[in-house]
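One structure below.
We call the chains A, B, C, D, E and F, going by the order they appear; numbering starts again at 1 in every chain.
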Amino acid sequence: MIPIWADICKNALAQDLGRGDITTNTLVPASQKAEAELVAKEDFVVCGLPVMVEVFRQVDPRISMLPDLPDGDGIRSGNRICTITGPARGILTGERVALNFFQNLSAVASLTKQFVEKIKGTNARIVDTRKTTPGLRQLQKYAVRVGGGYNHRMGLDDGVLIKENHIALAGGITAAIKLMEESVSHLHRIEVEVENLEQVREALDAGAQAILLDNMDLAMLEKAVAIAGGKALLEASGNVSLDSVRAIAETGVDLISVGAITHSAGSRDVSLLITT
Amino acid sequence: MIPIWADICKNALAQDLGRGDITTNTLVPASQKAEAELVAKEDFVVCGLPVMVEVFRQVDPRISMLPDLPDGDGIRSGNRICTITGPARGILTGERVALNFFQNLSAVASLTKQFVEKIKGTNARIVDTRKTTPGLRQLQKYAVRVGGGYNHRMGLDDGVLIKENHIALAGGITAAIKLMEESVSHLHRIEVEVENLEQVREALDAGAQAILLDNMDLAMLEKAVAIAGGKALLEASGNVSLDSVRAIAETGVDLISVGAITHSAGSRDVSLLITT
Amino acid sequence: MIPIWADICKNALAQDLGRGDITTNTLVPASQKAEAELVAKEDFVVCGLPVMVEVFRQVDPRISMLPDLPDGDGIRSGNRICTITGPARGILTGERVALNFFQNLSAVASLTKQFVEKIKGTNARIVDTRKTTPGLRQLQKYAVRVGGGYNHRMGLDDGVLIKENHIALAGGITAAIKLMEESVSHLHRIEVEVENLEQVREALDAGAQAILLDNMDLAMLEKAVAIAGGKALLEASGNVSLDSVRAIAETGVDLISVGAITHSAGSRDVSLLITT
Amino acid sequence: MIPIWADICKNALAQDLGRGDITTNTLVPASQKAEAELVAKEDFVVCGLPVMVEVFRQVDPRISMLPDLPDGDGIRSGNRICTITGPARGILTGERVALNFFQNLSAVASLTKQFVEKIKGTNARIVDTRKTTPGLRQLQKYAVRVGGGYNHRMGLDDGVLIKENHIALAGGITAAIKLMEESVSHLHRIEVEVENLEQVREALDAGAQAILLDNMDLAMLEKAVAIAGGKALLEASGNVSLDSVRAIAETGVDLISVGAITHSAGSRDVSLLITT
Amino acid sequence: MIPIWADICKNALAQDLGRGDITTNTLVPASQKAEAELVAKEDFVVCGLPVMVEVFRQVDPRISMLPDLPDGDGIRSGNRICTITGPARGILTGERVALNFFQNLSAVASLTKQFVEKIKGTNARIVDTRKTTPGLRQLQKYAVRVGGGYNHRMGLDDGVLIKENHIALAGGITAAIKLMEESVSHLHRIEVEVENLEQVREALDAGAQAILLDNMDLAMLEKAVAIAGGKALLEASGNVSLDSVRAIAETGVDLISVGAITHSAGSRDVSLLITT
Amino acid sequence: MIPIWADICKNALAQDLGRGDITTNTLVPASQKAEAELVAKEDFVVCGLPVMVEVFRQVDPRISMLPDLPDGDGIRSGNRICTITGPARGILTGERVALNFFQNLSAVASLTKQFVEKIKGTNARIVDTRKTTPGLRQLQKYAVRVGGGYNHRMGLDDGVLIKENHIALAGGITAAIKLMEESVSHLHRIEVEVENLEQVREALDAGAQAILLDNMDLAMLEKAVAIAGGKALLEASGNVSLDSVRAIAETGVDLISVGAITHSAGSRDVSLLITT
């Protein structure tokens, strides 16, 4: 399949390489081969191996990267993630960009996994948001799936979410849902954001198929679950943390969305060593 | 000036908008105007206002954004960052991408500023690394400057840094520096990465103009400063934290590079409210 | 809003202009102004005016085009569609590409309208398919809406349609639906293609939210409607013509998809006259 | 040779795939292989096989497509056009776009062929126009050749055609031809559009090498042929149909241009079946 | 009109600016305005003013450039070519690229003019070749016209020139011309390259409309002119110099093609001075 | 490695091929193979072989080009440069663009070599400038290295050169250097352009690491060398010719920059012959 992230890799490489790696091209002969190992410096969930493969392929198609485990597996600090063999120039030149992708995506998958573990046994799903790093939307959403989470919509065009501002501009929840039903493709479920229980009832009456419960406390979430009675999917949203997520899941909501798993996952520590 | 980040904004918007914002386009009339405010939800250093301007301009050139303060100023939680006025559709459609940029860049500037404050009064500079989020190199390096830090090289083509693997492949520090001097433009200073004091001496003898001291403890850094005696710029590198940075600066090194200010700054909290 | 079709116009112009209009550039002085009228040569539903505006804008931003009516209105043969004023070179150079868009989109809207008129008073909607002219997907889907039809999914990424081949490869209807439910975003409804009534029942039992009834005759469509009993949306599909569409709608299906409205609409006849 | 239509395929795929085929990627394992047959559902002239090859290659280079006959051959309803083997995902994902190209190009070639057959035995050639589907210029012009027709100019830059509006703005036929001769490359023949016999004479006197006879009836065409006496190529143009084309050819004109062969050819019916 | 060279300017700027002008951006305040003059340092024919306008526009649309004379006029050393006013940063940043274009294009126009002057009073035209600087085809061909020369074909797609190698592979001059006549658009004249007088006769007999006389001496050119007797256009080609061109023109050939006017024109000397 | 010039080749081919080579595609069968030789028609330094390889690869990947010698070697008139084998169409179609690159780059390398030979035995280096052909920056700078010269900065972003206009706008040499030191990455050396000896002294006092001596005569250059005393690199610049360069080098300057080696090298003569 066309790696849908090929252009993302290309842009990141262009930003780093510019007119070329003047240090490596001067010091390393074009014919020099090398072998390198990528090693974990902490424990985490591995994610982004195919992106690294693509980065190295773009730098030099003669480089081959052999993963020791697949995306989604956990790794222990000190263990090897993959080996990379081929022209030494390409390995050194591509290293930083490849790692920048891998370290962030592994961080996203790892943090997602932590949230997923916390709610084990409940009926809720962890879902992501559109609060992703600019330019990395698809990749970070992939990392969320790798970490055991689920994707909310990918963008503004593949899912309907009627938010507070839309409601205000469209003249209320009922009007907004009706207008939406009359125009959007029949393949979309309609979700609406609400702030209180009265709005939950209005959304249900208007036929909403999913309801985003914005910043509600546990008590209110429980009441919303009771009111909905399975007639619509319920999504809890707003400042969800590893500490609070379990209790939220136990209210009976179907989905819990967490912005931090994409916008604040940071970077997992690894090290690339030339072995030959 | 050509906003050098125009393509970065365009790609991020394309990822989010895809074929268009189906919710907004259905619910909000094309002629509807709106006014919105961006408000800080915590204290931080503001960064990325011109990027938000560009994002909104690309979505709809009729949107105007008026900042209340410039990039680099600190803001208090609850205070207004800027107002945005224009067609309601464009404001709602562009909001998330604009904020995704702003929240990350403000986080980078804010974290940089924390490091810079810690070493106030010493002669050291905080410099960034190439450990940036893929695709955001120039923007995050700009945020580092906004936070009071300095840029290391922008990419592999505008600065010479001879690293451990180059040294191994080129046959030693002296050989590598000589080879570099013989081929690179006279406008580049040559920096070499070293791991111990013997290498510091070899680098100085070979004429290195800058030396990266990799993962040295404070005692070794002090000795390196003494050995160099001002003949080359010294850069401390490796797992620098807010706790350790002051002591490192006091060893007398010229530069302290910190990867975390770009790869793990996360996101600063803000809120966009439609006011009309 | 960013005209999402700007690149489509740009490519079409590039194919026609190549290195420039050698006839016009030689014979028409750069300073010559002109005024032109676009006139209908038959009756039809107008569609594509904003695309023509964009084409002329790209050729020369000083050209202004003033429509006499909006997209979606019917026009009679002999009536004026719009006036175009500005530099004569640009008008002559852009004419053919602008008209090529407009004539096809008006044909799509007009043919759609004919189908829509036929089923007036029933509960069914006319929906399009992915059988669009390569490169004109969004524009032709827009023309369908202008003609009073509804859009099915825009592409393979914004809607779930489990077709015959998917069912075979996934191990049956029930297995396919379950697998889909477990992985896809909660904002998607799941539609499945079936060929007989037994499959309708299986799809309903498995929880399908929409069912595509492929090439069924009227009797079978009626039975499917009875079986579904409103528990899922029903879409009739397969060689629907202006002659057969009314009877199909009267079976009680919710949606009737027609490939011909996009792939075989042809072109509506117009004429551009320089008036000054 | 560089497939000059590679970008056209890429754009069409991008419009259909967006962020990826969510149905297929969920239901069909990445390792699944499949074999498919494309079968004609009516009689027509086959055209566009290399474009389908390119589409599938872009979706997944491991797919191989083996045509049963070359472009330009006629096929009977029920006969196989080609087989496609490779990863099942890629075949299902690429199918619709590949077919959209093939069905339109085969329709163009088939309709062209019908016109060409009608004038068999005369000295006239069927030529196309610039009334092509936006974005498909080169491909549809190729289909015209495959159907036995000839190409007029490919765009505004590779041929000189002085039309009515140019004549008006340049100060008459003679002035326009002289101006053109004085500036254009010696490799271009100059063609001028005329509306009556007096203009035919003026064009000949001014040295036109080809004359487009716009919307003339048969009697006038015959007179034009007599007047020209072989001193210039004559092209009949304007609402030519399968019914009228033979009589037009028999007037003795050299070329008959037909817009409908590209803008209203529609789509030929085929069916793709997974066989394994 | 769309400046057809906009992308050429963009690429040239991208190569020079990379991530931005670090000297100017550091030393010159963003608000600083400046005024500059471009002055000729030798005598030449001015060409490329609109390209400079475009370059400065791309760097900063607030820069305005006011030419003192149009493309095609001669200028004396010491005289002013244009003034440039606007933000100082943009003027300094864009200067080098703008001048690189202007100095080469003026050189092409000036050298062309020298050839054109030499053959004044004869019936011959100076024409260019495809031996242009890679990437500057259209611009250098424009400069040839500005210098009083004529364009041969712009590329391989807008003109037919049957060269020695084609003749060999197609089975002779007559076969090649016939094959060409049978397939190419009627708007193309067919030119064939010949090496001796026998081939001139064969080309004429086969109906060639233009003949390129490759590397013939004056005596042979004269004989070719006599043989052709006006039945085809004759083009002399091969190592034409300012010294030899007059005698060649006086043989009576219609066209003289000169590669040097594009590939070896060099650069005309100018100087840009900040005056305020 | 990614050929960094791939896009440059692509653009040049696009300008020449447009919609395709109509002569070759008509006259040469697709299956025809050919073998060609490239032969020098004068003595020169060979440069650009990998660029020709890339051009032919883009035209048809089945073409293989086998060089007889590497870039940088001298060749004698009449000797073979390389052989090219593969599909005849691709060889004929790609020939002109491939040669346009090669002939210019060989000219740049050859002229550079002439300058380099002239100063043999001195301590000076020949360096290039930013006066390159628009679009060919990296390639011509590569040719300079191949000819034995050195690169100055590649663009405005990878080196600091404070020129006359910057000094004026920044408030003097000392102020400019200080400002620069305070903001630019520590990996850049700072060079400043001066016009007289007083400025040389000021630049040295302010800590300039390199000084460009603009248009100084030999006597002044010698004095500048004496004043600098090795504390900064000295670059002589301004109308350097093959006649004057030796004397300039003997003044003791470190670098001599020559614009003519890139902007006025012209083209070296070669001939491509089909041998089979």
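The rule we apply is simple: contacts are C-beta pairs under 8 Å (C-beta built on N, C-alpha and C of every residue); 3 or more make two chains touch, one makes a residue touch a chain.
The structure presented is a predicted model; accordingly, all values stated were derived computationally and were not measured.
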item	value
Chain hops separating subunit E from subunit B, counting only touching neighbours	1
From subunit E, the most remote chain by mean C-alpha position	A
Rounded Å distance between subunit A and subunit F, as computed from the means of their C-alpha atoms	46
Between subunit C and subunit D, centroid-to-centroid distance (C-alpha), Å	22
Junction residues of subunit B - those touching two or more other chains	18-20, 93, 138, 154-155, 157-158, 160-161, 183, 188
Topology of the chain contact graph, where touching chains are joined (line, ring, star, complete, other)	complete
Touch list for subunit A against partner subunit F, complex	18-20, 30, 58-60, 87, 89-90, 93
Interfacial residue positions of subunit B with respect to subunit F in the complex	125, 127, 150-154, 157-161, 183, 185-189, 191, 210, 233, 235, 254-255
Subunit F contact footprint on subunit D (complex, rising order)	1-2, 4, 138, 154-155, 157-158
In the complex with subunit C, residue positions of subunit F that touch it	18-19
Residues of subunit E defined as touching subunit F within the complex	7-9, 11-12, 15-24, 26-28, 32, 34, 88, 92-93, 96-97, 99-101, 103-104, 130-138, 154-158, 160-163, 165-166, 168-170, 176, 179-180, 183-184, 188, 259-260, 263-264, 266-267, 274
